[in-house]
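Each of the next two complexes has chain A plus one other chain: chain B in the first, chain C in the second.
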Partner chain A sequence: MPDLPGKQEKLTVIAERVEAPPRPEAKLRRDSHTRRMARVGWAMSTPALVFVGLVTIFPIAFSFVLSFSNVVVSGSGFALENPTFGNYSELFHSSVWRYSLAFTIFYTVVTVLVEVVLGTMIALVVERLTKGRGLMMSLLLLPWSMITVISAELWQYIFEGTYGVLQAIFQAVGLGSPVFLGTPTSAVVAMMVADIWKTTPFVAVIVVAGLVMLPGEIFEAASVDGASGWTTFFKITLPLLRPTIAIAVLFRILQAFGLFDLPFVLTGGGPGTATTSLAILSYKVMFEDIAYGPGAAVAVSATLLVILGSLAFLKVFRSQVGREDVQ
Partner chain B sequence: MKKVKGIRRARVALMATLGSAMVLAACGSTSSSTSSSASSSGGSATSGNITWWASPIAQVGIRAALVSAFEKAYPKIHVTIQSAPTNTGTNRSQLVTEISGGSTTPDVFMGDVIWPAQFGAHQLAVPLSKYLPSSYWTKFAPGLVSGASYKGQVYGSPLFEDQGFLYYRKDLLAKAGLPVPKTWQQLESEAVTLVHDHLVQYGFVWEGDSYEGLTCDFMEYLTSAGGKVVNSSYTKSVIDSAAGVKALSFMRSLITSGASPAAVTTFQEPQAMAVFDAGNAAFLRNWDYAWSNSQTPADSKVVGKVGVAPLPTFAGQSYPGYSNIGGWNLYINPHTKHLNADLTFIKWMSSTKAQYILGKTYSEIPTVESVRTALASLPSTPPPERVAATTRLIARPAGTPNYPQLSSALYTNVNAALTGSVSVSSALSAAQSQINTALSGGL
Partner chain C sequence: MASILLEKVGKVYPNGYRAVENLDLEIAEGEFLVLVGPSGCGKTTVLRMIAGLEEISTGDLKIGGAVVNDLEPKDRDVAMVFQNYALYPHMTVAENIGFALKLRKLPKEEVRRKVEEAAEILGLSEWLDRKPKQLSGGQRQRVAMGRAIVRSPKAFLMDEPLSNLDAKLRVKMRSEVRRIQERLGVATVYVTHDQVEAMTMGDRVAVMRDGVLQQCDTPQQLYDHPVNQFVGAFIGSPAMNLYEAKLGPDATVISLGSQTLRIPESTFARRPALRGFAGRMVTVGIRPEDLSVAIPGGPTDGSLITEVQLLEALGSEMMVHFSIDANLVTEEAAAEEEEDILVHKGEGVARVAPDLTVRTGETLMLQVAMERIHFFDPETTWAIW
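Entry: the complex of A and B
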């Protein structure tokens, strides 16, 4: 399409107006005003920042220091003796840590994947609802709003090996009486089911919010152009939802990697060590073995890995979004 | 409740971390103040205020009853009960955080019998033998004081004891014409018979979950089979042995033969007790307190139908088998400001009066030998306490500060073998190598 000369001219004028330097006195006034506002801003947020610093940054930094120290616990407090890499070398030589790491990664990948697929599907349905959308949304939020320890206790009744609901159902349809939390594979699957039940709604709600924000005209245009439902979904909805899904995935990775309450209530990390996540291991090493150095090393290893994982994920996601733009 | 504790723990941890440097500097010579008053005649205080950290003992009211009797004897010493979490692991974590953070309370704490080495090694408890004369320690039942010692010092004063018992259904055995089992093999075959004849849903229930309780149960089979977990100097594990294989293979066979439900691999004490009390199991391995639960009509369908016996042993060994020692000691916080009053309290708790309250009113097993013998001969004494006089005891290998890691290496691998996810031999070899790592202080 040839450029209209008139439009070009108008744009130049606007550009010039924007680029014109402000008068010096106005600039001065605005600078001092900005500085004053900034001071007020800082003053007002300082208490919150100090609080965040004390409860978040300090403990993280302290764990980091602990993980590189030979920590001696005694009646007179902990003493941090000679900096060492020993805690980490213990970690790398520990089969329990390696297993926990593999388990935590596997658990995170599977649950997040399933939750995102299911959550997106549910969101697409909920978004189309013409009646009862509010009701559906609040019902959806029910599992998510429940405290994990409590929902885990409830799942315990379902999975229990002598009077559990699920076992009764299996017995009723002639599938024997499996003890779901009694073998490694079934315990891991059971835990994943409980997790997916609880957090899929979270993904769904975020995706619904993303769907609502999508511009309607594009979909009208697609239907005018005769695009099928599938084409519309894969070529328009999903690409546009990428940033929303990315946020949901990121939140979920962070949470799933810190898996603690479900195994703590359901299996205590067993059978054997089958459901010992890094967080459970860190708790055991720190507070049962009173080995703060190695325990902190486990915690730091988990933190570093989840940060690296999230960064890698974001990078991949960004480049894909970029490709979509090029197309 | 849990949350409040959590917040407090976080606060204490924060204080601990912030103040650790200062505390360390200030307490560079901790023992100076306490050792100056060191004498062998501690515990003669007549006034003071002390805080006693104790989890609810099996029956409600027991702590308050002890405290009120103590305050009657020492009207000027006031004791405040600080309720500790019922979960022993949480209880210990909280204490460790508070005491290593320099907290002066609790003054006296009730702690598990397996804590002395860990608490002694980290100076989280006062070495009581510095203040109480050797004559004080001779009144306790054999084995208890050595179990409460670490490197030549006694850290805990035994309060009440516990041990494994075999509970059985008298009515079911009578109906089937079976005797009370004296060997593990007999127990297994009787359990299978009773289940097979549809007299009961499950045969034998016990604690098979991946947790400390499984270490207790395992010790009983292992010792009957003639095995040990570690050598006597705690330098290496000897669990991967013929005896280890015998013990663990038998435990696994309990499940494969149908004598025990597959769900025992997820059972802790309450689950095992619940199944038995609901009338769904013929045999139960549990502690002393399972008796009163099984005889409380509100909780139990088997009131009046339960018998108690020592644990069986393997065929060919002399009866009875071994019962694992549990129970609780009293320890003193090294930061206490009321050492003398604390010692007075601890001494009183091992007095005949206090031990009778524990043993007679609340059916706990007394730790003082004379009280235990006197009660055992009374017909009104509950059966477990009478049976306790005839049992053989085995302690867990808790003589190392790294016991929690050692035990975790044990119960996770034993549990894995019980579920059938690994073979008995590979579980034992994994346990052996992980216990060796634990003994050397590794992760």
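Entry: the complex of A and C
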């Protein structure tokens, strides 16, 4: 995780408590008391660990196994036969998968970029509010706090082709009656708009938190040093916000790459395959085509890609940010 | 280089609070002026108004002869050193120092040369590639200084720049800052709440209280001729002992509680107004260093019999906390809050030679340097001259 002063420290502290790794000196003189306490600790956390294992680790491991198996589905259930790479080779040769991958990456890059730029702009305004900042923050969080399926339904009403709100507005202004969800390009754009509407506030709130933590004296020093508003923003504010923005971007990449509920409700992945994200593709292959092996392969490939992407992002960002801190 | 002139400058906050009132002050070219006063006296506000970080409500501010009231900080060509240094955490020491030059679009080579020069003066040459976080408090402080001096500005503004350093380093940096300022010859306004810092560093010291300038003079003048009780009590450490006293009917003696001191004739020559207070109450100020241990059998008309409450041996001198039966006058605004709690009621302090053998609870005769004691009008608190 990139450096976010303060916050990171807290996280590490919590992590230490949960895992409680034995410190070297404790290891040396580990008396029966420590061992007994450790046993009690394990005994108490076992139910939780078992639960987490069942609902998280088992499904992940199982889909991993599925992706390498020839799954035979019959009336009485399904059986795993012959370990195989077939699912993956099928994947790499499938133009639908390649399109889904490209679409998901494109969608992630565009929405995250717009959300970060807009979110930062909103944050800069909100942070300067002297009155009603709390109210503004609450209002901002409304779209974010809405369940995606519900907001997707709302956007469905807005974009709807016959009696949708947007349609009516376009007609009233005299811009004709475009079909928002009916053509590939407009469907992708419409979905991005819905996503940006919902998620920009999330970025804004994180950036406001980051802004509030910056010491005011630095900005005064910059103005005495002769920096204009723009210079201050690009040379001081933005570099200091980098760790904060990095965290927001990371969260957003992880979320956007798993894009599912918005296209599921809004477009069903269509028109055609225009808005078929990797998650939608995996769902369709698994539960509509009843092809468990290839479906699992899509899911596993998406997971691996997002992990690799995040690691690469972290590496780049960490080296850029360095270990700087606000004094 | 330029002078700074404040003409009837005032600051009123939107909530009606008057932080600074009608301030007239001139800082000459190359002068080191210290603004001192207890917290909340408006000294930092004055500094921030000069910097342009705070709007000026009334009056005019001139830097180098031109009115700059409405200029942005960046256009005033002044450099400021902040209390918490306000270094840019994401920049190296060199980038921090060179930031202002870079903004002025100076050629890279020149920026580098100037930064290296400044680093040389401040002993930062080997730290130029470090980030502020990797430096000690003293080094950070010097980077903040470097950022100011590299620009050769019209004026330096320093806001308690040494207050975050430990005592030893602070003493060292005091002379360091002074030396650099003298070398560069730039008008400097230095804000502090520490009167020792003010006295040791300032060409002149301006004492403020509740937004009003009390006195602006050389350190020695402030010490010798405080205009009022506040300045008297604020300047000098330990603080001046203030007692309620009554002048005799012919003004030749003064009673502190049950004891009487004879006022030498020379005092009236310097304070002619004192005669007008004959038979009336006055406030007497005796500095701890104007008290000494009386020689047994010596003259007693200028000495006080005291009871020793506490002894503090400092090696080079001894602080004697004593009590007499006169009422102590507290100048609350001058004392710092923590100090207030520690000072016991009715206790005075004398600074005497360390070779004292007296013990707590014993009686000690203290000789008062009568020609050096101060008199204040208890009603107005102004000095009686």
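The rule is simple: the second predicted complex is superposed on the first by the 268 of 327 C-alpha atoms of A that agree within 3 Å, B and C clash if a C-alpha of one lies under 4 Å from a C-alpha of the other, contacts with A are read in each partner's own complex, and residues count from 1 in each chain.
By definition in this document, contacts are C-beta pairs under 8 Å (C-beta built on N, C-alpha and C of every residue); 3 or more make two chains touch, one makes a residue touch a chain.
Nothing here was measured: the structure is a model prediction, and the numbers come from that model.
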item: Chain B versus chain C as contact partner of A:97, first or second or both or neither; value: first
item: Contacts of A:134 with chain B and chain C, given as first, second, both or neither; value: neither
item: First (chain B), second (chain C), both or neither touched by A:76; value: first
item: Partner contacting more residues of chain A (chain B vs chain C); value: B
item: Which superposed partner A:231 touches (first chain B, second chain C, both, neither); value: second
item: First, second, both or neither for A:174, with chain B first and chain C second; value: neither
item: Which of chain B and chain C A:47 touches, first, second, both or neither; value: neither
item: Chain B versus chain C as contact partner of A:62, first or second or both or neither; value: first
item: Chain B - residues contacting chain A, complex; value: 14, 16-17, 19-20, 23-24, 27-28, 30, 89, 92-93, 96-97, 99-102, 118, 122-125, 202, 209-211, 261-263, 265-266, 271, 275, 280, 334-335, 402, 404-405, 408, 412-413, 415-416, 418-422, 430, 434, 437, 442-443
item: Chain C-facing residues of chain A, complex; value: 215, 217-218, 220-228, 231, 235-236, 239-240, 242, 322-327
item: Complex interface listing, chain A residues touching chain B; value: 54-55, 58-59, 62, 73-79, 90-91, 93-97, 160-162, 177-179, 181-184, 267-274, 276, 284-285, 287-291, 294, 298
item: Chain A-touching residues of chain C, taken from the complex the two chains share; value: 51-53, 72-74, 78-80, 82-90, 99-100, 103-104, 131-133, 140, 147, 151, 157
